Every structure is written in C-alpha cells, then in structure tokens.
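Below you'll find a set of structures to go through.
There are two complexes below, and they share subunit A, which is joined by subunit B in the first and by subunit C in the second.
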Partner chain A sequence: MISYKHQLSRFFVRMGLAIFTCVALGPVIWAVVTSLLPLTALTSRPPDLNPLNMTLENYGLVLDSSRGLFSGLINSFIIATFTSAVGLVIGSMAAYALARLNMPGSSLILMMILATQMFPGIVIAIPLFLVMSRMGIVDTHFALILVYLSFTLPIVIWILKAFFESVPMELERAAAVDGAQPLQTFQHIVLPISLPPLFATGVFVFIEAWNEFFFAIILTRINVKTAPIAIAEFSGQYQTLYGQMLASAVLASIPVVFLAIIFRRFILEGFVEGAIKA
Partner chain B sequence: MQQNSEYNRRRIRMGIWFSAPAVIVLLTVLAYPILASWVLSFLRVYFAGQGLSFRFYGLTNYTELLTNQLFREALLRSIYFTLVEVIVVTFLALIVALLLNHPLGRHAFFRVVLLVPWALAPVANAVLWKWIYNANYGILNQALIGLGIIDRNIIWLGSPVLALNMILLADIWKAVPFIALLLLAGLQNIPSHLYKAARLDGANAWQQFQHVTLPGLKTTLIISIVLQSIWALKVFDLIYVLTKGSPADSTVLLNYLSWRVTFSNLDVGYGAAIANVLFVLMFILSLVYIRALRPRKTKEKVG
Partner chain C sequence: MATLELIDITKKFGAVTAVDGFHLKVEDGEFVTLLGPSGCGKSTILNMIAGLEDVTAGAIQINGKTVNALGPFERDVAMVFQNYALYPHMTVEENIGFSLRLRKRPKSEVQEKVQRVAEMLELEKLMQRLPRELSGGQQQRVAIGRAVIREPSIFLFDEPFSNLDAALRIKTRGEIKELHQRLGVTSVFVTHDQEEALSLSDRIAVLQAGRLEQYGSPEEVYLRPATKYVARFIGTPQMDFFSGEFIDKEGLRYKVGEAEIPVPTLTRLPEAAFDAGVRAEFVSLGQKGFDATVRLVQPVGPFTYVTVDWQGGSVTARVNGVSHLKPKEHIKVDIDPQGLLFFDRATSMRIDIL
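After this line comes the complex of A and B, so read on.
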C-alpha cells in the first residue's frame, strides 16, 4: 500500500536527483564537448554542436612539446607519486605510534597535526621560499614533494590513526603472546589488514598533490612546472583558443577523476573512518 | 604484568622511532616556517643583489595594514566570501547528502557524479568557468539569452560586485561535493533504529529530520563548517585564473593579496603580516568551532 504522499515524496527525490546530476555533470560535459570542437564551431552562434565536427585536434595541439603541458603532466605525476609514497610510509608509521605505541606526548603531536589544518599556505610559503632559494632548491621536484608532505602528512596520520585504533587489540595481543616483536606485529598483522585505508589515503594524497597550484606557482620556475601551472599559463597566453584551453584542462583532470571514480569505495570509506570518527 | 614491561618499553622505543620521520618533516616544513613568518612580519626585507638583507621594522607592517584601504577591502570581501560560501555550501550539501541517502539515491552512479567535481583540479575548474563566463561565446550568456532572461551579453567578470559573486559561484560548485560526502558519511553513521523509534512515536519526516538527523549530524556539520570556512579563506586558484584581482582590485581577497604583495611587489615583511592576519583569522574560527563542539559530552575516546 503506497500512499499518495509517499509517491509525491518519491517524485521530489527523483527530481532532486536529476537536478543534482545535471548541475554536477553539466559543466564537466560542456568542458569535454568544447575540447572536442574546432574553434569555428565554438565561435558561431549558437555554437555548432554537430557531433560530426568533433575532432581530437585540440588534444594533439596542446600535447605538442612546445606548450609545456606534456612535461607538466610528467612533473605532476612524479611529484604526486613520490608525495603519496613517502607520505604513506612515514605517515602510517607515525599513525601507528600515536594509536598503539603509548607514545609520550602523543596528544601534543595530535594537537599539532590538527593545527596544521588551520593555517593558510601562504604563511609557510613565504619563509620556505626564502630558505629554499638560498639553498638553491627552488624549481626542483624535491622542494614541492617536501612542501606537499607538510599538508598531506597530517591528513594521512589522522585518517590512519583512526583506523589503527579500530583494529582489535586482541589481534595484537595474540601476536605478542605468540612472541612477535612490536615491529613484526605492525608488519605482519596490522599493515596487511590496513590495505584499504592505506590505499584510500594514498589516492587522496595523490589527487591533492596532483591538483595543487598555490605552492607550485611559488616554488617552480621553468624545470618542474606542474600540470596546473601549464593550464593556468595556457589560459592566460592563448585566451581565445577555447577548445585547446579546455582540452588541456580535461587532460590534466582525467587521471585524478578516474582515480577518484575507481577508488571511490576506498575514498568514501576513508572519509567515514577518518574525517567523521576522528 | 612484569613480563609485559620489557615488551612495553620496546613498544615505546619503537613509537619514538616510528614517529620521528614524520615529526622531523613537520617540524622543518611546518613549525619552522610558521615561526619564521611571524618573525618576518616584524622585519623589512630588502633584496640586495643575490642575497637578502633584513631590518627590524617593529609593528610598522601591521600599522600600515590598518591604514591600507586595499587591505581593509580585501578583509571585508574575504569575510563576505567565506560567510556566503559556508552558508550556501552547507545548505546545498545537506540537501545533496539527504537525497543520496534516500533509497532512490543510493545507486553508485550518484556517488560517481559527486566525486567528479571534487576530484577536478581547481585550476581546471577555474579554466572551465572562465569559458562558461566568457562574455562573447560563453554558454552562460547564450543560455540566458536563449531562455529570454537577458537580452544582451553580460560581461560576468567585468564589474566589481558581479565578478566576485561569479567567482563565489564557481567555488561553491566545486565545494559542495566534498561537504556532501562528509555529511553523507555522517548520515550513514546515524543508527537506523533511532528513525524507527521516532516513526513509532508518530514523528513525521520533518520531525525526524529535526530530532534525529540534525542532532546526529551535529559533529559532522561542525567539522564541515570549519573545513569549508578555512578553504574559503584560502581561495586563490580561481582568482588567479579568472580575474587576477581585476576589475580595479575588486576580487582581491586576503590570500591573493598576501601572495601578490610578497611575490609580485617583493614586499616580504608586509606580505607576511597579511598572511599572519589570515592565520589568526583562521585560528579564531577554528577555536570558536572547537568550543562549539565541546559542550556535548562526546568524550568516548580518551587515550
């Protein structure tokens, strides 16, 4: 027995979902369509959306090495990969120490970690820029990886700590009774069952590092321009090449959007475990 | 117990070793620069050839801020931007989260839809909106003209108040999904038996929302609001790509101003002072929220 009122509410939910889908995807789809159209189709009114006109020409043009996007994508890949790998290794160790190893001063460290979410990047960017220029490491991958660790490490530690705390203590006690050393317990008991949250945080860090713009614009010059920098420069220099502008934006977004979709379960669970329960 | 102590000592020692790398990284790339930027804000920094020279400047950087028109405007605009963004994003994200938590909205498809704007690079997002807002060929003008709402093209990023609000709109679009994700996770943490009990007591949908959903979501809502206001205060990429602060500096917000003063005007001390104002602002915000979070006794996890 489905009441009239019940059906009405279902109707509104359906409509809401439809509107939500259109608003969320509309701009993205428009970006993809734009990137596939030649300039003449975009500048005619109304835009000529004939699918027969669609071409990959824009993509070919923006990937030309003189445009800097290709090397930008490679730089972003190197930086994001190293940031998430290093972040996971040292972050998971610290998280485990905070969660389980009766660390002295662990609550202080936790407060520090929380505090890192509360300050603007510009505060650390200015002194870091001065120090790094003096050391001559501005415009290196290393500088950006180090800086990206500063704001991703706290998240890694925070999320993984919440997860490690949820690992049943009995499991670790049992291992200890069997004569396992703490390091062995961590390696063979805790880490293997932590793969999903490790993956989730890894993907999260990768996306953050890949997308980062603010530090990249301060700490890069020529050699390690990342993909976001390349896109921003492109949109400033060739403002009227709309199709190419959007093609470069789409290219830089494809890896992270697909990562997010493929690992959505990990990411969503990571949020549940981390952000909310912490 | 006695035999445990050797094991425990080993655990503590391992704990120190385990957290050392992370602590060292955080100290060098966080703690040191934060302190240094305070010091810098009391200095005047000169670029002398290759090197730098510093002179003690007292509070001059800060007093200059107080009398600087652009700084005051940027501060007010940042506050406006943050307030509107937090209110609108939280409201919209709550609706989205409720929709996706409804049996009809649980399909994985909608989760994917939600993740797409979130994962998009902020710069790609900015480029996308730059194209949508394009005065001559942008889809926004074409759509509004097609619908008969406006009769000629509007230069969306051409006039002060409008430009700021268009940046706000693009930022809101990007921010809603993440907050919706958080709220969705919060919704799923509310035990379903609470709803069952409420229904048995004859509560209608609105009453259930008021007395079960909202209280159950309180912590998550506060977390969302904190994070959202911090992000809104930090907005940079959109301004950089869409307007570079124009027209007539009307879209210069604090973070952008601090960057421009430091890295374009090379007035490092002054830039650091602005950065620290932003820092204090965020810090106060977070304290307010943490306080708001406290009174309810949810101290389940201690130690």
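After this line comes the complex of A and C, so read on.
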C-alpha cells in the first residue's frame, strides 16, 4: 500500500526531473530545429518556424570541404583520439603504481598532481603559447594533445587510482597462486575487469578534448583548427550564419552523444560486483 | 603429498613484529589449524607459506626443501581466500579451469578435470554462471574447486567460512573435512573460531601476538591447555578461573574464599601461587557442595549453562537438558576436583601433577 505522502513526494520528484529534462534538452532541440531552417526564416521577424520550410541545405553547405568544418572534425578526432589513448596508457600505469606499490611519497605525488588542476587556464595560456611558439609546435596536433593531456591526465590518474584500489588485492594474489606471472595477471585478470572504467575514463577524456575551445583558439592558426573553432567561425564580423553554425554543432555532437550512450552502458555493467564477498 | 615445516619464521612490518620466531611442523596428510584472535599473525603466516608475503627471518620448508625464494606457484600450494577472490569476469567453469589454461593444458584435459571437480562439488548446473550470480555457499565451493583442480601438495585455507551464515558454515565445515579425508592432502587452515578448529583439525596451533602458545591435538588443547590464554580461548562457555591458595588440611586442598576443594592429584604443597580453572562440565548443581546463588540461565538445546555467584566470583555449570532454575535462587555448587586445572599466577603456565 503506497501512502498518500509517498505518492505526493514521487509526484514532485518526477515533476522536478521533467523540468530538468526540458531545461537540458531545450537548447539541443532548438539547435536541431534551427539547423534545419534556412537563414531567411531565422532572420525574419518573427522567425518563420513553419516545418514545411525545413531543409537539409545547411548540412550540405557546412560539409563542403572549403568551409573547414570537415577538416575541423578530422583534426578534433585525431587530437581527441590520441589524447585519450595516450592519457589512458600513461594514466593507468601511474594510477596502478600509485594504488598498488607502497612508494614513499605517493600521497605527495597525488597532491601535486591535483595541484596542477588549481590554475585557471587563462593564467597559463600566454606562457604556454610563448613556450610552444619557441619550440615551433604552435598549430600542430602535437601541441594540443600535449596541452589536453596536461589537464586530463590528473583526472584520469585520480579516477583510475580509486578504481584500482577498489579491486580486491586477493584477485591478484589468487592469480599468483594459480600460477600467473605478473604480466599474465595483468592480462587475464586486471585488464578485463578494468575495461569498463578504462573505457569510461577514455570517453571522458575524448569528450573533454573534443569540446575544448580556449586553448584550441590560442594554439592553432590554419592547419589544425578543431571542430569548435570551425563552428565558431560561422560567426563573422558582419553576419552570423546561425543555421550553418548549428548544423555544424549538431554534426559535431553526434560522436559525443554516441560515446555517451556507450559510456552509460559500460558504467551500468558493474563488472567487479561479485568478485569477492565483503 | 607433502610435509611442511616453518623454522623460526619472523615477519616484521616496519617496526611492528607480526610473527615472532614461529615454529611449526605439519606432517604429510595432516590437517593443521592456526587458531587465534584477529591480529595474532595467523593470516600473515599463511601468506608466507603461500609465498604471497616475504619472510623476514627463518625458513619455510616443503618436503624438506627451503622454498623462501620460490614464487607462490612453484611451491605447489593452493589457497582458498577469505573473500573467495573469484575472477569476476569469468564463469564458474573458467574460474575453476584458469590455472590449467594458464599452463596451456590441452582443452580436452581441462574440460575433463573441470567436469570432475564440478561433480565432486555439485557445481555442474552452475558452470556458465558468473560469480555475482552465485550465493555465498556456491561461491565458496567454486573457490574450493579452483584449489582442488590444481591437485596441489598443500591446501591453504584463510578463514574460508567467515562470510557464511551459521547453518551453511557447519555444512561447509563437514564438506571440507570429508574432502580432506578423501584427498588426504596436507592442509593448513586459519580461523579465529575455536569450535571450527576443534572439529576439523588433526592438530591445532594456538597463537597469541605472533607467537605459538600451544601445538597439539584438539583433545590436548581442550583438556590440557598449556597456558591460561589457551584455556580461556578454547571451549564454550569460557573456562572459569579462581584466585585461591593451596592449604594442607586433611590432605591437600585448594581454598577459594570459604570453600575448600580437595586436590587428590597434588602430592605436596607447591611454593608458587596458582590460579585454578574449571570447565562447565566439571561443575554440578544440586544438594551437596557450597552455597551459591543463580545469576544467569542460558539454555542451548542439549544443555543449559547456569552461571552462579559463588565465593565472591562466579562459575558456570553445564546442566543436561532443560533447567528450571531461576535467577536469585539459592543452590549448592560442587566442583569435580578431576576437572581442576592449575596455572602459575606469575607465568600463566599450567602445572601438571606436582
């Protein structure tokens, strides 16, 4: 028997969630709608939202190779993929060492890793630009990968360290007693059960690198413009091509949405559960 | 098949000495239990036998060969962990067969052995399940299966029952004992549960603070505990102790308060001071003996434990069946002199007959 009070509270919770969903989805829906309308429909007053006028024209225009979006998506993909791959390899090794080896000063190392997160990007932007231009790596993929690694790695290390600590030591001990060498233990036991958090962390880094705008605009000129920069360029000095801009934004969001869906499934799997009886 | 000898092994964690000059010999096919409260070093000793923990000093010998430098696998031991440590991403079948697959045994051989172990432990119907889909008792059996399939020369058990409920614990205890009788593999079992130790073991090593207090058969540690610590640790309810003195009055007697208990086993008056201890089965209640007042009545099924106030202290008697005594009731208590054990008040060591 569900009490009246319980029903009421459930009603309010659902109301709250519904409002939150609308607030969160509103801009997305607006972006999709706008991307499907011609510029004239948007600039007329009041805007002409007649669904009969909807067209894929904006998508055709932005995907034209001369517009920079296509190469921006490719650049973003290269940078985000490398950042997450390198971040995971380095980050997981560092996290595993910090979680499992009894090193003197490991808590100091962790605090220092965290401390690097405390500087606002703007503080280091100019020195970073100077250093990179002297090194001659401004406007290269490498520069952005390096920068993105520097602020995603600490998070990767902290997340994965927490995960590795939650993996019961006995699993590795059991594998050792079963005759597994350290590398085999890693390959057959630690790696398989770490896949979900590794993947989740990798997706997180990918999205961070994919969306980043501030350092991308400082450290790129022509060659490695990323998708966010390409999208921003639809806003010119004299006019803003809203339809094309939002069509680009929708296109750039697709990989992120896709990853977020997979990400969610992986998180829900809860692989470690049942490993031990606590 | 193997003998195991721990020769004065010591383990230090920084400044803390977890195990202090521990010596133990386990004969071939013997079932030995390391018994002690948590933190007494018993799991550390087990980990050292398994090769999961280094030895600070001393030697571990299996079949007369020192194995200190060998890895866990080369020692040919199998271990069942307290929390089972099943590989969460592998099915029951894969968990059991993991060690064989690591050694690249032919598929047919792995399959056949896994099948045999599964039949023995009644796991056939669960082969495709993941550990998280199993009950605690089933997980336990998989953990045992993973150890059994290796056909190791020594089994190590680290408190394998501590996560099971009471009924399952007793059932699994029987299964482990049967398994040992069937396979006859040398086994070392760690527990803090004295009842488990008494019911399973050929010999029990009682530990305190990283040192060996007594090593003997269940009968020995129960009936002839070497120290007061062992006497207190083994047996339910706990042994009762009195602080009295020996007197010589129509033969030797032990005087507790106003009560005097004849001690026929004693031939001359000892010089040191001794405490006396007695187990509940040597205490009787009835018409003869010393005046006492009932304090607590605890029925446990076949017996009732009745605690009475007596001579400024208390003593518990085991009464067969149901007792109709009520708290505050007056009664007489009698102590069988045969059941009295004497412990040196200074050293806590038990004396036999003087």
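Rule of thumb we're sticking to: the second predicted complex is superposed on the first by the 236 of 278 C-alpha atoms of A that agree within 3 Å, B and C clash if a C-alpha of one lies under 4 Å from a C-alpha of the other, contacts with A are read in each partner's own complex, and residues count from 1 in each chain.
To be clear about the criterion, contacts are C-beta pairs under 8 Å (C-beta built on N, C-alpha and C of every residue); 3 or more make two chains touch, one makes a residue touch a chain.
Since this is a predicted model, take the numbers as computed values, not measurements.
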Touched partner set for A:Gln184, first subunit B, second subunit C, both or neither: second
Partner chain(s) touched by A:Ala18 [first = subunit B, second = subunit C, both, neither]: neither
Which superposed partner A:Ile193 touches (first subunit B, second subunit C, both, neither): second
Partner chain in contact with A:Ala176 - subunit B first, subunit C second, else both or neither: both
Contacts of A:Ile262 with subunit B and subunit C, given as first, second, both or neither: neither
First, second, both or neither for A:Pro168, with subunit B first and subunit C second: second
Which of subunit B and subunit C A:Leu49 touches, first, second, both or neither: neither
When both partners are placed on the shared chain, which of subunit B and subunit C touches more of subunit A: B
Touching partner for A:Ile218 - first (subunit B), second (subunit C), both, neither: first
Residues on subunit A lying within both footprints (that of subunit B and that of subunit C): 176, 271-272, 275-277
Touch list for subunit A against partner subunit B, complex: 9-10, 13-14, 16-17, 20-21, 23-25, 27-28, 30-31, 34, 42-43, 45-47, 90-91, 93-94, 96-98, 100-104, 106, 109, 112-113, 116-131, 134, 146-147, 149-150, 153-154, 157, 165, 176, 181-183, 186, 207, 210-211, 213-214, 217-218, 227-229, 231-232, 235-236, 242, 245-246, 248-250, 252-253, 256-257, 259-261, 264, 267-268, 271-272, 275-277
In the complex with subunit C, residue positions of subunit A that touch it: 168, 170-171, 173-180, 184, 188-189, 192-193, 271-278
Subunit C residues touching subunit A - in the complex, by the definition given at the top: 47, 50-52, 71-73, 77-79, 81-89, 98-99, 102-103, 130-134, 136, 139, 146, 150, 163
Subunit A partner contacts - residues on subunit B that touch it in the complex: 7-8, 10-12, 14-16, 18-19, 21-23, 25-26, 28-34, 36-37, 40, 51-52, 95-96, 99-100, 102, 104-105, 108, 110-124, 126-132, 134, 136-137, 139, 142, 146, 173, 177, 181-182, 185-186, 188-189, 205, 219-220, 223, 227, 230, 233-234, 236-237, 240-241, 255, 258-259, 262-263, 268, 271-272, 274-276, 278-279, 282-283, 285-286, 301
